[in-house]
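Lettered A, B, C, D and E in written order, each chain numbered from 1.
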Amino acid sequence: MKLWPTMVRQAGVEWRISLRRFGEVMNPLVFFLATVSLFPLGLSPEPDRMAGYATGVLWVATLLAFLFAQARQFRAEAYNGVLEQLALSPHPLALLVVAKLVVQWVILTLPLLILAPVAAYALNFPVQGLSTLLAALTLATPTMLALGSVGAALTVHAHQGGALLTVLVMPMLVPVLVFGARATDLASAGSAPGGALLWLAMLAVLSVSLGPFVIAAALRQSLA
Amino acid sequence: MKLWPTMVRQAGVEWRISLRRFGEVMNPLVFFLATVSLFPLGLSPEPDRMAGYATGVLWVATLLAFLFAQARQFRAEAYNGVLEQLALSPHPLALLVVAKLVVQWVILTLPLLILAPVAAYALNFPVQGLSTLLAALTLATPTMLALGSVGAALTVHAHQGGALLTVLVMPMLVPVLVFGARATDLASAGSAPGGALLWLAMLAVLSVSLGPFVIAAALRQSLA
Amino acid sequence: MAKAKKLNWFMRWFYQMASFPHFYRWAGRYAPWLGAVALLLIGWGTWGGLVSSPPDYQMGDGVRIMFVHVPSAWLSMMAYTLMAVAAGIGLIWRIKLAYAVAASCAPIGAAFTFLTLASGSLWGKPMWGTWWEWDARMTSELLLLFLFLGYMGLRNSFTERDQADRVSGMLAVVGVVNVPIIHFSVEWWNTLHQPASVTRLDQPAIDPSMLVPLLVMTLGFTCFFAWALLTRTQGEILLRARQARWVDEL
Amino acid sequence: MLAYLRIEPKTRYNLGAYRLYRDHMSRIASHTLSATALELWRGDRCLFTELNLTVSTGELLQVTGANGSGKTSLLRVLTGLLPPEAGHVRWNDEPIHRARAAFHESMGYVAHRDAHYDDLTLRQNLMWGIGLHHDIESRDVDSTLEALDWCELADVPAHALSAGQRRRLSLARLRASGKSLWILDEPLTNLDAGARVWCEDIIEVHLEQGGSVIATSHQPLCVRAPSRREWAIST
Amino acid sequence: MLAYLRIEPKTRYNLGAYRLYRDHMSRIASHTLSATALELWRGDRCLFTELNLTVSTGELLQVTGANGSGKTSLLRVLTGLLPPEAGHVRWNDEPIHRARAAFHESMGYVAHRDAHYDDLTLRQNLMWGIGLHHDIESRDVDSTLEALDWCELADVPAHALSAGQRRRLSLARLRASGKSLWILDEPLTNLDAGARVWCEDIIEVHLEQGGSVIATSHQPLCVRAPSRREWAIST
């Protein structure tokens, strides 16, 4: 009945499920790559023009990939009754949620951090901004993940009213995007991104510490 | 046992469900708006810079909104057994699929066509290109819908893991994007978009006439 | 059997080939020969391409990448087409062997596609000064890779093999539209990429000293493809044959 | 014409329900479902091979077997949802994949899982389920609702119904769609005593009218049938 | 110590399964679940009001009532999933929302729907379900699998299992998680004759060991219990 082993076990389960649904896991990544590559296709891919929107494309693609991955993330569990059993385990539901989120973060973010430089190269993003881009992504993704899950938890049941995932989550995500893009833009222009990164870090700490409790509470509500 | 009333009835059912799940239905639109508005946020919103990517942003946002809407569109039906009953009705499954698609098209596209001018204005898109943009969107959306549904039908089963939708559908949607963006770009520069629009119309006719059969066949296979 | 007699010779051959044991033995007989011929031809082509042919007057020694790039590009497209045709045959005539062939095509085709992309971008660096460009042909070839990967991923997500065969077969058939897009992309969109110089209806715009090794290489790659395909198909057949008596007799 | 009146209604559920019968079911044409040499595999396991069976007018075939013996899989093969590895299913001597529309027009299937749109109300679900098979008017649905004493549940969304109510909704839908062959997978699941009698009742009436039924049930199915057989799937 | 050995295994399912009992269940501490003045509404309907009940060590309480009378809703209130309109549920005299962890540590719930991860295999599901409640090793799971004669099913993904196999998996999980109070909603659904006896058996053993059970069942539940009561929900 120790908390740590339970969390590790639950994380193991989530991990195994993710591997089983490999396609589902790769989906957001492909979504990211696709978003990134659609822009040059939709526009004329002239290097000069491209550099102008590279930062925007990278950040929007990341954000959309997260939203896409999380839109219905608790649906399957709610449908087949697994969520009920999780809520009935003696452990805090928030803990089990953390296990899920950690696995998701690893599965989503690590490949994203590897893909981002490639995408940045393809978009003519200046090399000097790359390390900041990666740092900013690392700091921003936990917030995106936590907020996206809050939205998903609030809309587990399709019939539970007109809760709009995107409407709920998007406004909260705007600061993340703004700070992330500003940090990246500054760095790619050669200046120091300091402040913006700090803000991102603060948001990450906040959402990671509070997020799981909000998510757990929302999930419990949805079961009633 | 006439086909037309059956289709109308099924469309009525789909319509009622969409109204019930209003939140879910609005999601893609919000997704569209979010994509469009995040760009100027993520970047510094200088009018010159913006006009350079307006076309691309509008088209990519539309495409992503459709993908988002369709990613799991047959999931609920497959899960609760409704799909099985649809497949066992004496009517051609393709017909019932058409009913669903028509409702979806109305629900997704009409609001999109209303939102598009607003988004275009916000992105500094030249007014002279607007009518072509709307025409191109009207012609492109049936293809997006049909192809997206093919992907969704192929990946319908939750337990079949991969919602590989994006991977499957993206390659086929690229021509739509390219022709759409080219028509829009030409029109916003003041020249005639003729050829590209014709291509879009041809793709639409093709996918609307063949799509339902492919979708129906894919759904039947995934029930097996 | 009585039914088979009424068919013409082609359909008879078709149905005979479609039987698992027959095809398995047939493949076992010819695959090694194909492998050997592939080795020979690729060896000859490599010597011809790397040693005996002159450097290009524009591209210099970089041109030698062509002897890998072009054959593998052609084969990647051919692999996809074959996969789609096989899947279509499976769907229409419900022939299991066709599914086995389609399933075996995918990984080989994906490998050739990857090779095309890799050799192309290696070649692009000296020629165009960039590893990657969003040009129509490169992008559509990248999409071909996605299609192969998607096909394999889709197959993987089923527990019943028959169902995997049918569903992924439909994907293969629908995705075939991408192949002409790849081929004609250079004409439809003006791109960086080389327009057709070998596969032209009139005179090939390429010198015979380069053309010959290129054709030999292509033939060698094709034999290699056939060898790999037959070998993989044998494996797929065993997976599908489920405790049939002829398997025990092997 | 009088055949169905001979059967005494065992419960109140039956009282008002005859009208629909008269509308769609009073004379069910004679028919035969036959399966020859069926074979089916799941994973690496052969569930059945060389399976032959026939069901025709007025017959009840009960498929029995332990959990996991393949009853559900067999029923799905018979409905045409699951293609068998080998063998054929024929409806009136026509392979079902060739005469799909005709077969599905006369066959109704109730699976383990109740197939309802969660977001639609009970009445809307009933309308949909019947309308899939033949043109109906809402009057017909009203009478079915009345017969089941469900007037006050009519506007409850399906996801809020109790397990037994959902099951009854599936069966009521099947009954009202006027099919000749019913294929039932554990029809009595979650039904209370009254509903169970109702279910057995409608099966009896259906058989009397010349319909046929293939069913699995781990609970005893108390039905007086003109011709009743059991079919055990061996593991 | 010897209490559970007195019960003769009725079926082969029982043969190897005692070890888990010895590990977790040989002495179940005495306990009481009591509900006072419960009231619950769904939509505009009052399902029950002023409902009081108590269950303690060794007792079997069977909740009866027609379909839709509110049995499932009552059970969900008792588990703490559904907050009642009025009234309290107490576990050992402590309101359950105050002592949630302690309560859920000793209470196990099997709902209408079997809760399994569709993509995980039978074995992984069992590991997960037990591991949620206490630390386990894969040895324990192996013995449970052996006891159920499920060794060859162990690697089949849950979505491919038959309905009865899924039900048995739920029950096996509950049994192996060492709970004092079992809350069972139609435990016999989809079980074949052998599995039904097995299920009744494990309930008997559980009661003998000092556990308690609250169950609904439309099928007769043949269990010899030290103390058995019925509770009818009136509509």
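Please note the rule applied: contacts are C-beta pairs under 8 Å (C-beta built on N, C-alpha and C of every residue); 3 or more make two chains touch, one makes a residue touch a chain.
Values in this document were obtained by computation on a predicted structure and should not be read as measured data.
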| item | value |
| --- | --- |
| Distance-maximising chain from subunit C - centres being C-alpha averages | E |
| Leader among chain pairs (count of C-beta contacts) | A-B |
| Distance-maximising chain from subunit A - centres being C-alpha averages | D |
| Inter-chain centre distance, subunit B versus subunit D - centres from mean C-alpha coordinates, in Å | 38 |
| CA centroid of subunit A to CA centroid of subunit D, Å | 47 |
| Distance from subunit E to subunit D - Cα centre to Cα centre, in angstrom | 31 |
| Residues of subunit B engaged with two or more neighbouring chains | 20-21, 76, 155, 158-159, 161-162, 164, 167, 170, 174, 178, 224 |
| Numbers and ranges of subunit E residues touching at least 2 other chains | 118-119, 157, 159-160 |
| Per-residue overlap in subunit C, given as positions that touch at least 2 other chains | 139, 146, 153-154, 156-157, 159-160, 162 |
| Subunit A-facing residues of subunit B, complex | 20-24, 26-27, 30-31, 34-35, 38-39, 41-44, 49, 52-53, 55-57, 59-60, 63-64, 67-68, 71-72, 76, 79, 155, 158, 161-167, 170, 174, 177-178, 180-181, 185 |
| Of all residues in subunit B, those that touch subunit C in their complex | 150, 154-155, 159-162, 164, 167-168, 170-172, 174-175, 178, 214, 217-218, 221-222, 224 |
| Interface residues, subunit E side, partner subunit D - complex | 42-43, 65-68, 72, 112, 153, 156, 160-165, 168, 186, 189-196, 218-219 |
| Subunit C residues within the subunit D interface of the complex | 159-160, 162, 242-243 |
| Residue numbers on subunit C that touch subunit B, as the complex places them | 136, 139-140, 143-144, 146-147, 149-150, 153-154, 156-160, 162-163, 166-167, 170-171, 174-175, 177-178, 181, 189 |
